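In what comes next, subunit A is part of two complexes: it sits with subunit B in the first one and with subunit C in the second one.
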Partner chain A sequence: MGKLKHVLAATLALSLAGPAIAAADDIKMGALATLEGAFTVLGEDGMRGVKLALQEFDYTAGGKKIELVTGSSDASPDSAVRAVRKLVEQDGVQIVIGPLSGSEGLAVKDYAKTQPNVTFLNGSSAAQDTTLRSPAENFFRFSTEGAQWMAGLGEYAYNEKGYRKVAVLAEDYSFPYTQVFGFLEPFCRLGGKSPIDARFWVPIGNKDYSSVIAALPDDVDAIFVALGGADAVNFLTQYEQSGGDLPLIGGSITVDQSVLGSKGKARSFVVGTPSAGPVSDTWDDPRWKEFVAAYKKAFPDGFPSPSLFAHAYYINSKAALLALNEVNGDLSDGEKKFREALSNLSFETPTGMVSVDERRNAIADIFLTEVIEGPDGNLMNKTIKVIPQVNQTLGVSYDKFLEYGQVGRENPSCS
Partner chain B sequence: MRNFIERHTFWAIVLLLVVVLFLWMIFAVWPDWLVEAFGRKKTFVNTLLNGVTLGGLYFLVASGFTLIFGLMRNVNLAHGSMYLLGAYIGYEVADRTGNWFLGLAVAFLAVAISGVLLQVLIFRRMANDDLRQTLVTIGISIIAADAMLAIWTGTTYQFSPPDWLFGAADLPIISVIKSSGAAVYIKYPVFRLVVLAIAVAVGIGLWIFLNRTRIGMMIRAGVNDREMLAATGVNVQLVFVLVFAIGAGLAGFAGVIGGTALSVAPGEDIRYLLASLVVVIVGGLGSITGAAVGALIIGLAEQFGLAYFPTYGVVLTFLIMVVVLAVRPQGLMGGRG
Partner chain C sequence: MDSRRLFSGSFSLKNIHPSVLITAVFLVAYPSFATDFFIFQIGAYSLILGTIALSLMMLAGYGGMVSLAQLTVAGLAAYLMAILGDNSMGVMGLGWPWWLTVIVSVLGAALFSTFIGAVSVRTEGIYTIMITLAVAVAFFYFVRQNYVLFNGFTGFAGVEPPTLFGVYWRDPVPFYYLSLVVAVGFFAAVSYCARSTFGLGLQAIRDNPRRMRALGYNVTLHRIVAYFFSGIVAGVGGVLLVWFNGRVSPGTVGVDVAIDILVIAVVGGMRHPIGPFLGAIAFVLLENFAIDLIDRERFNMVIGAAFLLVVLFSPDGLLGLWNRVRDRLRFRGNAQLSAERVNKDDPASSGSLEKS
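Coming up: the complex of A and B.
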């Protein structure tokens, strides 16, 4: 027993000492994603995106080796802060990529303000206020956010699908608020309705949707569903089981690969569900196809096609690596040059050109999609339309956009 | 029963009235003023059924938990991991053989065996040291969660039950009568009714086992005073192993049932552990009846919360727990404090 204790102590000491062995002029990059909880699958794909970008650069940028340190959260803001604090304060990373989920992003942005010498690049978190209101100087988001992702969907639902009144089912935190806002704002401006009492907000990680399904009103044309990961899978199965027959409109992560690619009964009834987001599985463009091929080659056990999480983490990581190349790995003086390079960066991604605005939020192309059944039986998102260069204020001026008010359960009121 | 009515006549009448009211609300066609006040009947009846069936699922998980605690005074915080392990094993078997029932059986057996191993290899070494046992179970649950994440990744799994268990059935309960005079019947997922039936069957089975068999008698005696039981010449360790096997097996069994009704994903272990804890705190630690009552209350609270005030629904569950702890700390059916 005594011997075992010593061995254990030694192993522990070694594993703790591990990160400190790295050579002094390596650059330490921290990646933070949800590797536990309801969004595990999403976080795993996010990490694949980081690794894909690093592999593309052969783990070197600006003439220096990049050392990757990973951190895990469970989609709650405090777990994200805990994990990022460990990355920054214990592991001493100089650049952070992450987090994954909306409210985590808000918390990490606030933390970023207390660490002016570290640069934070978003993972895939997509709450509006991470960059819109009181942004942090050192937080960059090269992936777009939830309201941008909905570009064109509200108009499509109203004009093409002919829906006039929709119910809303979404998780109760900042990212779905942003998505609901992004969808309803144009939908309601055109004349569509979504009464406040037909909006259902459920906690993250809710498993049993049958009562919510029973409470859904009959007199609506469709349901806008903004759930992610396991939550979306649960809802879709139970909706089918309970004989639901209203058409759905999907949030960006409700009908993406992390849901369509899950194991078990095929959810073929979602075929035809319109959605919008930063990626489209079947986009017929060489840049995207090349990205998909690289993803499939590097991660044979990943999804049939990279999810928007892999995509967002990839883009943010790539932005960091490109900027590092530009400044030759110079992170001195509070990473000043590096941040300047990031602010001026404009680069070609698998989904078109990306650059950031003055609040360091991305301007990028958005895809309007519809679920189809692929040739080998996989469910896929087909591109209906590409909306070019969507910015965070959705085309209006910053001041006017602020007048729309903060996203929330009742914005827009739309009744 | 008669005793209860004689002693608490007032409460018996209140209880009877509530039951009658519920039955009326389920079977009558709702008048307009009631729809005005409560929303549609469909919502109410479905929520009620959901609450009861979810309660059934919680009972399956919590009964094993409470059984183990009752006999061994061992708060097995790895109970949720056994639920999840059962679900994954069941999925693998059901997926490979295409037989859902085989998956169910194998999950029960495999997790029962893992329970036996836990008891024989670990808990027996630290008998009479409750705190240490509890801490060890936390450790096991953390390691098990990561090991399962490594093997089955974070993907959400969903069972494919036989077709006749999938889909919705018309219940003989009228939802509304259309203006044309045609009655609209309420639809309900078949599998959830099956969950309820299984929970009731398991509950009755456990009751018969505990109250009508010799081994059950030994277990009950052990719950009351295990030293005394040992002194009468019963091999207590063997009884412990048996109870652990049944308790763990039930968790694995519930994993397949729950994974079919809902889904399987990492994090479920904590969720069901928490649900079991709340259920047994409300119902009373160590009591099977308590687990049934607690599961029913928590299931209903969760579902009504979700349907009628989704945003704050979660609070309801814990509010009930707080009230029970304040008014009756030993739980509704708990015996000695």
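Coming up: the complex of A and C.
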């Protein structure tokens, strides 16, 4: 009996504690990333981006100290919403940075609508509908999304490379859909073809690509491959072993360092593969070089070069801090002034100027790259071209862009 | 906690243990002093996970059948809610009225559970676990790759409870009471069931199936019916789960979550229906607050270590721990009592220690 009373009393005390109230002068900022599950390594790099921005501002913005509270999800939307709800309702954060992956972003956007007094900034999630269709008033994305990342690649493949018909191999979920759409839309508008039956969708973590390789048509000029990490390495190895010789076109995370750094013959085989994305490791620009140097100095045990996740979290955190400076840390009146400042913000990032459109999605520069063999035999992505100020509707009006329909396996039809 | 007497037929108000009253008052009054976060994400979520774990406790504790597919059953109910009812994804969403959707979803889950029972009850121990695990894994991959019915990787969003009697049931307080009513209802039903002929038969089958078969019981059928009942419990838990999350996707029915349910049941204790709820409270508190206790890279270790400690020091889970503490207190109380009496030279009570 006595024991039970104690337990009850403890539970009671815990419940009463409620949201911890910060010192009046502090601003609480929550950061949400995947610190567990399959994307842990990427989530940790995202967190490094947040910390890098905070360190740059010495954890102070608008004359107030910033207190960072971290939250973790396992890349499933359920866990992302639970973690963000804890940050907002229990820890009482006023600004949220996150989440990392596409479907999490859609879920957090829906949650943001129920919390009008808190401002949400994206982490690195890149699903199109987070800001395109029924956006939330208080959700900002200063990082670009999957279709924007493909800007210029379709034109490059058609005009420079001379490809007319491509096969598609991608993982079967929203982010690759968005990337395929972003690549095929300009490619097909120019006259390129990609028949529906030459598009192959594999589950994440697929190991065996032999059936896909066997089914690849002979009459295509190239394969657009939107696979990530281990999936990309597995496909390239198996394609090389089965004597494949079609040139490749890469998605934003297909020919990154994890693939280029791998051993074996697959390496030589990817030389000349064009790709596009929000960052380029080897961009020869002082702003980017300074960013890489700061990253390496702050996190000696991090990646050799900041990933696009660290970059996206960094940009979004920095936007929040700059806007806080502008309004002198004034978060009163449902953070109205702060949001106005965010909407009008236009600032210099390691990858060029960034601002947001009327649906609070970023307009930023995108990098067109191609894999080359470096002087010391290492493979690296060489920056071919910087596509300036790409917006979410890829240059056409909002209404016209909506007519293209939702991204999916058969959009655009292109045959 | 004295449900045995509560459902033994000789029930009277005087027989209610004070701790039951205190717990009841606490649970009912909880929303009046807790914050929305504690009402919804801790309170209601614990009750939902507790309900799903209760369906496992029922099978494992009374029937000796450890099924890893209970979350899968709940997940099927959650998916059926999105498919038959409304969702915001533009896939399926047949728009049936909510009451019909709920009934069909729960029954669908119960039938699915019956099917799982039918294929697994002839096995024992580790093999039951393996078959049910296979079902859970197969279901996970199936919903992830099926786009026509289950909308693949993305799953469904925008699944909401109906607005009834002017109450929006997803608001923290109404949703908490809804979960509480469901949880208490199933708690009472399982407690009653355990004392019924069916429940006693099930426990007897757990202890000695051959003897029960010799006595003329249809052991296989008995077990399958147990799966059906546990499917109803899990199915209702799944309906609440989809209302709680507002969405369902393959991540909801992943193998790691299925194992979480097993962990909840084991940590709580399998011997009494209150165990899964204790386990769920411990699990939800740890899941939410472990990240505040320790460096963010290591917080999963705290969760693992806490559960390891519980299982190591109390194979019966939290429930066993509590029983042990209570027995020790009682023992010490009796010892003190008798010591006092001996000091007073009270001959009538000497030897009470031995008797107890």
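Worth pointing out:
Going forward, the second predicted complex is superposed on the first by the 339 of 415 C-alpha atoms of A that agree within 3 Å, B and C clash if a C-alpha of one lies under 4 Å from a C-alpha of the other, contacts with A are read in each partner's own complex, and residues count from 1 in each chain.
Just so we're on the same page, a contact is a pair of C-beta atoms (placed from the backbone, for glycine too) under 8 Å apart; a residue touches a chain by one contact, two chains touch by 3 or more.
Not measured: the values here are computed from a predicted model.
In the superposed model, A:D110 makes contact with subunit C only, not with subunit B. Of the two partner chains, subunit B is the only one that A:K207 touches; subunit C does not reach it.
Of the two partner chains, subunit B is the only one that A:A215 touches; subunit C does not reach it.
Of the two partner chains placed by superposition, only subunit C is touched by A:K86; subunit B is not. By the touch criterion defined above, A:Y173 reaches subunit C but does not reach subunit B. In the superposition on chain A, contact is made by A:N234 with subunit B only, not with subunit C.
Subunit A uses residues 35-37, 44, 74, 172, 203, 409 to touch subunit B in one structure and subunit C in the other. Those residues of subunit B that touch subunit A in the complex are listed here as 39, 42-43, 46-47, 50-51, 54, 91, 145, 149, 153-160, 166-168, 187-189, 191-192, 262-263, 265-268, 271, 302-304, 306-308, 310-311, 313-314. Listed in rising order, the residues of subunit C touching subunit A in the complex are 18-19, 22-23, 26, 30, 33-38, 40-42, 45, 90, 141, 144-145, 147, 152-155, 157-158, 245-247, 249, 251-252, 254, 256, 287-288, 291, 296-297, 299-300, 322, 325-326, 329. Within the complex, the subunit A residues that touch subunit B are 35-38, 40-41, 43-44, 74, 172, 200-203, 205-208, 210-215, 229-230, 233-234, 237-238, 241-243, 261-265, 301, 409. Within the complex formed with subunit C, the residues of subunit A that make contact are 1-5, 8, 11-12, 14-16, 18-19, 35-37, 44, 47, 70-72, 74-79, 81-82, 85-86, 89-90, 103, 106-107, 110, 172-174, 203-204, 406, 409.
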